[in-house]
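Heads up, the thing below is written out as structure tokens.
So that you can tell them apart, the chains are marked A, B, C, D and E in the order they are listed, and the count of residues begins at 1 in each.
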Amino acid sequence: MKRLINQRPGPVSTAALALLPFVVLALVYLLASDARLAENPNDKLLPSFTTLAESFVRLTSVPSQRTGEILLWQDTGASLRRLAQGVGISAAIGLILGVALGAIPLIRSGFAPFVAVLSLIPPMAVLPVLFIVFGLGEVSKVVLIIVGITPFIVRDLQQRVQELPRELIIKAQTLGANSWQIVLRVILPQVVPRLIDAVRLSLGTAWLFLISAEAIAATEGLGYRIFLVRRYLAMDVILPYVVWITILAYLTDFLLKQISRRAFPWYHNGEPGR
Amino acid sequence: MKRLINQRPGPVSTAALALLPFVVLALVYLLASDARLAENPNDKLLPSFTTLAESFVRLTSVPSQRTGEILLWQDTGASLRRLAQGVGISAAIGLILGVALGAIPLIRSGFAPFVAVLSLIPPMAVLPVLFIVFGLGEVSKVVLIIVGITPFIVRDLQQRVQELPRELIIKAQTLGANSWQIVLRVILPQVVPRLIDAVRLSLGTAWLFLISAEAIAATEGLGYRIFLVRRYLAMDVILPYVVWITILAYLTDFLLKQISRRAFPWYHNGEPGR
Amino acid sequence: MTPRIRFENVWMTYGDQVVLERLNLTVAPGEFCTIVGASGCGKTTLLRLLLGEETPSRGRILLDGEPLPAEPGPDRGIVFQRYSVFPHLSVLGNVLLGLELRAAPVTGRLFGGARRNARDEAVAMLEAVGLGQSLGKYPTQLSGGMQQRLALAQSLVMHPRILLLDEPFGALDPGIRRDMHELVLRLWRENNLTVFMVTHDIREGFYLGTRLLVFDKLRYDPDAPQAYGAGITYDLPIGQADPGTLAEVLAGGKR
Amino acid sequence: MTPRIRFENVWMTYGDQVVLERLNLTVAPGEFCTIVGASGCGKTTLLRLLLGEETPSRGRILLDGEPLPAEPGPDRGIVFQRYSVFPHLSVLGNVLLGLELRAAPVTGRLFGGARRNARDEAVAMLEAVGLGQSLGKYPTQLSGGMQQRLALAQSLVMHPRILLLDEPFGALDPGIRRDMHELVLRLWRENNLTVFMVTHDIREGFYLGTRLLVFDKLRYDPDAPQAYGAGITYDLPIGQADPGTLAEVLAGGKR
Amino acid sequence: AKDQFRIAWSIYVGWMPWDYAAQSGIVKKWADKYGIEIEVVQINDYVESINQYTAGAFDGCVMTNMDALTIPAAGGVDSTALIVGDFSNGNDAVILRDETELAEIADQKVNLVELSVSHYLLARALASVGLTERAVTVVNTSDADMVSAFASGGPTAVVTWNPLVSEILAMPNTAKVFDSSQIPGEIIDLMVVNTETLEANPALGKALVGAWYETMSIMSKDDEAGRAARTAMGKASGTDLAGYDAQLASTKMFFEPAEAVAFAKSEQLPLTMEEVASFSFDHGLLGEGAPNPGFIGVAFPGERYFGDPGNLKLRFDAGFMQMAADGAL
């Protein structure tokens, strides 16, 4: 019998093992829902699977009266657009600032403490100021995502840049690289897959801020819909939306992972940075 | 002239450089505040520094009518208690699950996808479900923090465990270690400083969830106060609170860093894991 | 006598790259095999097979007549080219670890008298490898060579039946290296160790071993260098090798 | 003639640990200094001083009569013990990098004909070190020895005036090692290189160098092993060393 | 004078007509008529919309009479209540679990949005049975989470508004023990605009009032168009026609401008504002510098005032509604 630490399940048992917790979760929900519905058939908190399915069909097939579009797709489109913009801009800022802070000691001395302090300010608490500065349109939603995740990405990337073996930076200098070339040809390409890691880690937070932003000012979007129906405790709408958001988040994460695998085989081949 | 990348400021210029962005920020605020107050002396959005100072003195010296306690300390106590409980429990869960997932392939196959999916569910969207399970009291606030940051810590630690050089695990086996001993003597001690890193990274999110939790149902706490006085745009209260939260967050972060430095000199001496 | 180790027609491939092919080898208990071969020809891979860390793509490996356990164990000690010591443990802690793991299956730690005894044993071993002055240091504070010596002490203190060494002396200076040679030879003799040692110094191989294994490609296709793997091209019981063979082996290293 | 390198009473300390002390050394252009010494005595530290990566705690270092630039530059090439190659670049990309950096200060990349020329140069160098078959591989796919050869090619293609080698051949097998010796010697002669090479193989030191530097502690306090640093105990213009000295040096390596 | 204006509204039964008016082009029609542009912006967070208005990001915003006093007026932004749209007539309520008498609320924890009209309603309710706020513990609970909080089983007493009230009352063992119909005319929903802007641009007032009352006349009718309008309003607020009509039933809408004018000119309004001001003062809502409830002056039609006439920051103006009543728009 191999040590537990050396036991690797085959592909079939891997799949079975991976499914197990989901099946258990579904069962627990079913039991809890049944119990509540048995007590009060009008209970809205944990709707039955049939109700959920009906509601899902309705959300994905009946067009909205206001715009003629199907609600779920319309909301998804709006939310994904905002998310992509927010995360994209955050990643760009994160890459630039992270590399600058990590690579250049002068910039690090000047801005690392500031970024560290900024990253600790809870964005929710300064919302009014943010909205005044950025208005309440599409911009403000994207900005909230940016404010929410950029400090993390910046600090993470700064850390990763500083973790690059010092030898590589010296080696580049002995090959005649100036500071700009070191950043361009040594640091940047090694840091991009790490940026993808950082983005993947911060996607959850990005969704959180997106949903919060949409709850404050929006007329469409997944977070807006949840906010709208929450006051009626319409869990038959909220739960499918939550599942859908989770699926979207999962797909985004998966996609990023695959892109990283394809584009940076050297990073995923063995351990990073060696 | 040295390459930019090799230029390191001395201790005095480091301090000066670090202060610079803060001074600039303060100046920008001063100008903006003056401009608004010149137009409307009662403007509440950007109070003058004098107003802020007065308000701060009042918050830290005048006991509340309701409880006889000084508001700021009372709120701070309540919030820090919740934060400590939430982060503490998250760290414990994160350590146990992260090590289990990272070290034991069978557990990883079974739970890694589940944890990955869980970490993608936006906690705010499933609040109602949390309420039923955990009620509306102190527990639910702590739970919201846990739900908010544990998935990140777990996944981060899992990653860190998997990043430990395979050679070390093999070496331990050639020293006769069983799986439990490998976890206890090889993986755990190497992962604890990385846990501190993960906790530091997630403190910002923890504050976010704490403030959100206190905005939902509470009678004291820093987040409660901010959301309460937001009702009359009392930025003279909100801003000192935000600064205070930032200071608290910074101190916590600093404290954790120092503890890690003291307790794990080998981790901070050169690069990790070599 | 049952051979300690027996390779039966072992192949090892990574994807479509054949690293080792048609490996047949029988090693009796107490033999000291030194392994030389071109860089990248699969010497480390051979050790990983012996560890049980990798499983042969074809064929099988027997240990004392039984199939080799498919995972590393305390009967086979190893010193890697790198990452052989635990960064979170002091020099003393690194050597103590194995003794503690053996004696305390649950806590993995020793206390009181048992710890003092283990400590004495560990210190003696550390003094033997010349690290008696650095008991409290952490590996990051040691030079590369000192780390390798520490790794060796860590393995030797466990008295394994088989000792696998992957260029353990590559980073040591001649003086220390000679001390280490004596140490390894003494422990090999005292404990009836079976040693597999990869080295790049063919003289070291001749001096230490009872048997020298030379690895090289058995066939070679210039258009598809990955298509064929390495095998044993010379298997010399040392002492019986005539000077001509030595010269041939030395020349054969150059391809 | 102005010496290429001159150490004037150089001390190097880390905290309260003295690593090097009272170092005085003058090296003429074109000398090939091999450096041996006990593990951990500060050989790598010496190279880091020469690189400009570390500044002496006391004393100064002159390059061609001028104070040594306080940072690495293209006039001093280096091959480290490890982390010498860029993991994100293919074998070819690693060698091409220096050529691209030199020719394209802003983009750091070459295109078209310039790139083809650079590529040819890089491929020639890679073939010289025996990596002509692995142009497209990434370093993680190479064995340790192959990585070192790549690092060497990467430095040599830049034709530095001073070449610093930190045990570059420690992980190579004898055949390849001999080829590398020839390559380094040829480039040394052709380009009037000044070489500093750390090695653990004193014979290699004698074979390659024009001058052998032996590092060891000048004084020693058993109660405070950190209190005193190493210095040059032997400085042998090779060829003039009588056999007695060689024997003494070989014995002196053992402390 | 400028010709581009932004007004903010948030989802609530009495303000849904703004959405309909904007979506159906009524606002645009009236804005065109007076040669201006009006952008109608939906903001989901009610408090945020008022804060934005107070900070100057909007020229007008919907809010209750109490919030108009405590946020923009207390923040020094001179504001005019341009339209008195309705008052809550049962839309806000105190609900108890397992009890049916208001007096039983003593010693309970009461979940509500602190410092909002719910809080005011609670104070008025307690006063009606001879209790004060000291008798209960107020737990600040966000409106978005009120229903699920109550559904979780913990809270035993809540004060909130519709549609949350009907959702909570639909749960078993709940009882409405006090509602705003017992203090009629005290919780008023307004369209508030910046006084300076309004004085400089009377066209804004005319266009808004014109659009509002055209919408009123459509939705008040029980014909095809009226039902369609109310259905749209219901959908936009997350419910349907029936749900929306139920909410309307407990709201006293002033469908006719004349009714609103009469209400603004009534004797009751100054008394109500006095009550609200003293509640706000007691809870520190008028700011730390406020020495008494009358610190902020409120003006009413007919040269009537409450509080400090030297510090007039909130003005009830019946002039534009009068024009609508006179058909002069």
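Convention: contacts are C-beta pairs under 8 Å (C-beta built on N, C-alpha and C of every residue); 3 or more make two chains touch, one makes a residue touch a chain.
In this text the structure is predicted, and so the values were computed from the model without any measurement.
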Any chain that touches subunit C and subunit A: B, D
Subunit D and subunit C - chains in contact with each: A, B
Chain pair with the greatest number of C-beta contact pairs: A-B
Averaged-CA centre spacing for the pair subunit D and subunit A, given as whole angstrom: 47
Approximate Å spacing (C-alpha centroids) for the pair subunit A, subunit E: 38
Separation of mean Cα positions, subunit E and subunit D [Å, integer]: 80
Per-residue overlap in subunit D, given as positions that touch at least 2 other chains: 71, 82
Touching two or more other chains - residues of subunit B: 3, 6, 45, 128, 132, 165, 173, 178, 215, 230, 233, 271-272
Contacts with two or more other chains, residues of subunit E listed in rising order: 51, 55, 145, 148, 151
Interchain contacts, given as pairs of chains that touch: A-B, A-C, A-D, A-E, B-C, B-D, B-E, C-D
Sites on subunit C touched by subunit A in the complex: 70-71
For the subunit A and subunit C complex, residues of the former touching the latter: 2-3, 6
Subunit A - residues contacting subunit B, complex: 3-9, 13-14, 17-18, 20-22, 25, 45-46, 103-106, 109-114, 116-117, 119-126, 128-129, 132, 151-152, 155-156, 163, 165, 169, 173, 178-179, 182-183, 201, 203-205, 207-208, 211-212, 223, 226, 230, 233, 235, 238, 241-242, 245-246, 249-250, 253, 271-272
For the subunit C and subunit B complex, residues of the former touching the latter: 51, 53, 71-74, 76-78, 80, 82-89, 97-98, 100-102, 105-109, 138-141, 151, 154-155, 158, 160
Subunit B residues within the subunit E interface of the complex: 40-45, 55, 58, 127-128, 131-132, 135-137, 215-219, 224, 227-228, 230-234, 236
